[in-house]
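By letter and in written order, the chains are A, B and C; residue numbering begins at 1 in each of them.
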């Protein structure tokens, strides 16, 4: 099992944002996490990546505990993510955004950087190659010298994924990657997601409201409501699930 | 190979700068008063590059930079006075010790305070600055040589054009090479978005410490040079206003802009001294009426600093193929 | 014991003055997130207006306070509109540097001979000083005036902030000024009002300071301003009771250090306490911790 979440719980004041969530993600799997607004999906990501500390429960990556570790350690162990409300390094170039994410795998030391030895030049060249690889997947290579904040909304979302990939994760958490994209872009994004999963052999957990994307590419789904997982199964099963329809549409409508 | 070529290039630039200024000064073309101002400007530029790393690059709001300048100054001056005599080697050692002392204190202060955010960090460093001023004022209670509120005298005049140019060049090289490397980009990512940086594997606390301590080291070395420029130190040289001076320079130059910081340092010092010469006698107090007006007008017209994001060619980052 | 209690009284005296200044810092910061460095100098202007009203015009005490309040309010509103308002959407540091500029300008401009002049001027007592001895502890009528005037100001402020329409608008703007604006609150007006209200309190503080420590100078606002701001941070910036609490702590601690250790360390102790408190509670004693929503 790549990622295993058991009994994960987080309260904010009186709100039970996440309330005993169990989730698991196998090697190379692509799982969707869906649910109405405020049901606690993003909070699950924040708990897994160490931004918030869980009140209870466990999170393990290939058997190794993640709870209590700082976010940068969790990233280095192999978990990367994107953010629902895009958090790029806005005033830096597209290229710098990707290079920064690769910093933990850097090929030269601080002394080499200060003295600009051969190692430094070689390391920088190597980084350029990596930038090229990740940007070309998302057809962003000719924007690499632009300032990240100047990209279109859709390109910024793609850059966030490229940046996350550059940190060489084994598990990738995507928080609403298609938000704000037009139908054509969503179609492209679905291809990208499948392509990177196969190319880098990573496991992906994906939060999304656009059912076309979720139903189209996810192998399994988990549905959250009020901080709890209320259903899980194949996309076709979830589509028919009565509890899910109720959660999404409210009871009155569902009963008809 | 490239290392050798870079070394030679740097040495030539150094020899040219230091040599030509020394020649002009020695030949009497520039009068000694202005040479001293120029030396002061170089020293201030070193300290300002330090704050630029801390605030401009790392995004840490520090209002206590002058305290580290002072720690470097008093440490170097004390060591030189007690053990150094007139030796150039001892002077170099004293300057490095000044930088080291500032770095050590920066570590101690940084460990607890760098967890604070923006304005709170500003207030904590401001507080530290005031505390250090109190320490300098009463320093004679534990080391009489430091002079306390009466000021410290008997410091050798060791600071010369070659020394200040050497350290200014060295500081520029250090900042440039650091910022245009992966380590520097890690530092910049903290300023941009600390949470995103953390989730991308950057140990933000560690790099905040790196940025803060490096910047304070610059201030410490600059302080040592300053102590041996006028051969007199007074706690008021390191009060809150001196921290603000440097902050103004860094903001005017454009936060995170090395070239802007460099130019603004020279501009600021020459403006202060120039006004002293230009204003008729008896009106020198008007300096501090005019400067704030200039400051306010500049901020209203160019809140992003005079230089924005443009750098001199030798300070720009390059993509290596 | 008498000595200690005497110091407590002295500490309260300066603490109340700090409180009057700290309130302006905390309200302005609560609303526009600006460290208004010029606030200490508005306090200084209040003291000078008081000096002129007492010495040159020999106005009655109430008129002295009213003139300082009016003068400081007008000054602060002018500063806000001319210097800070154009920068409201610029990077925060630009407003901060501007505030420092305004502060320097007020200090040096008023120290010109043609304005107030560069010297220390003694502040004449507007009433005969009476002191009462209670078991060896000396209390003066100056201290009584400081106490009653400050308490009156605090009650008035409490009334304005919690019982008036403007106060409700202030609280709304400080909570979220974008939404408050959308809900029809005149944000510009509220901000000007807040600057004015803070300055009025500083003006009262300036006159009280002049009466209690009878010497004024155009640079006198710097240290009290800095300490009052520190007090506001100590108590939890943006929080009105916090500012008063912080100011009282500050007044006590520096008085005690002067009395029992050495007055040389007086200016340092406040900041030692500040740093320790921030390490323990990063948003101050009464401040509410905020987790950033990711």
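Here, contacts are C-beta pairs under 8 Å (C-beta built on N, C-alpha and C of every residue); 3 or more make two chains touch, one makes a residue touch a chain.
As the structure is a prediction and not an experimental result, all values here were calculated from the model.
A.B. asks: Draw the chains as points, connect those that touch, then say whether the picture is a line, ring, star, complete or other.
C.D. replies: Per interface graph, the chains form a complete graph.
A.B. asks: What is the chain whose Cα centroid lies farthest from the Cα centroid of chain A?
C.D. replies: Looking at centroid distances, C is the chain farthest away.
A.B. asks: Taking the mean of the C-alpha atoms as each chain's centre, how many Å separate chain A from chain C?
C.D. replies: Averaging C-alpha atoms per chain gives centres 49 Å apart.
A.B. asks: Please compute the C-alpha centroid of chain B, do the same for chain C, then give the distance between them in whole Å.
C.D. replies: Taking the average C-alpha coordinate of chain B and of chain C, the gap between them is 33 Å.
A.B. asks: Return the distance between the CA-based centres of chain A and chain B, expressed in whole Å.
C.D. replies: Computed value for the inter-centroid distance: 42 Å.
A.B. asks: Send over the residues of chain B in touch with two or more other chains.
C.D. replies: Those would be 195.
A.B. asks: Counting only residues that touch at least 2 other chains, which ones in chain A make the list?
C.D. replies: 51, 83
A.B. asks: If you look at chain C, which of its residues touch at least two other chains?
C.D. replies: 294
A.B. asks: Using the touch definition from the top, list the residues of chain B that touch chain A in their complex.
C.D. replies: 1-3, 6, 174, 177-178, 181-186, 188-189, 192-193, 195-204, 319-321
A.B. asks: With touch defined as at the start, can you tell me which chain C residues reach chain A in the complex?
C.D. replies: Contact set of chain C toward chain A: 291, 294.
A.B. asks: Touching chain B in the complex: which residues of chain C?
C.D. replies: So the residues of chain C in touch with chain B come to 33, 35, 83, 86-87, 90-91, 93-95, 97-98, 100-105, 107-109, 111-112, 118, 226, 229-230, 233, 237, 262, 264-265, 267-268, 270-272, 274-275, 278-279, 282-283, 292, 294.
A.B. asks: Considering only the defined contacts, which chain B positions touch chain C in the complex?
C.D. replies: Listed in rising order, the residues are 112-113, 115-117, 119-120, 122-124, 126-128, 130-131, 133-135, 137-138, 195, 240, 244, 247-248, 251, 255, 285-286, 288-289, 291-293, 295-296, 299-300, 303-304.
A.B. asks: Which positions of chain A touch chain C when the two form their complex?
C.D. replies: Touching chain C from chain A are residues 12, 42, 46, 51-52, 83.
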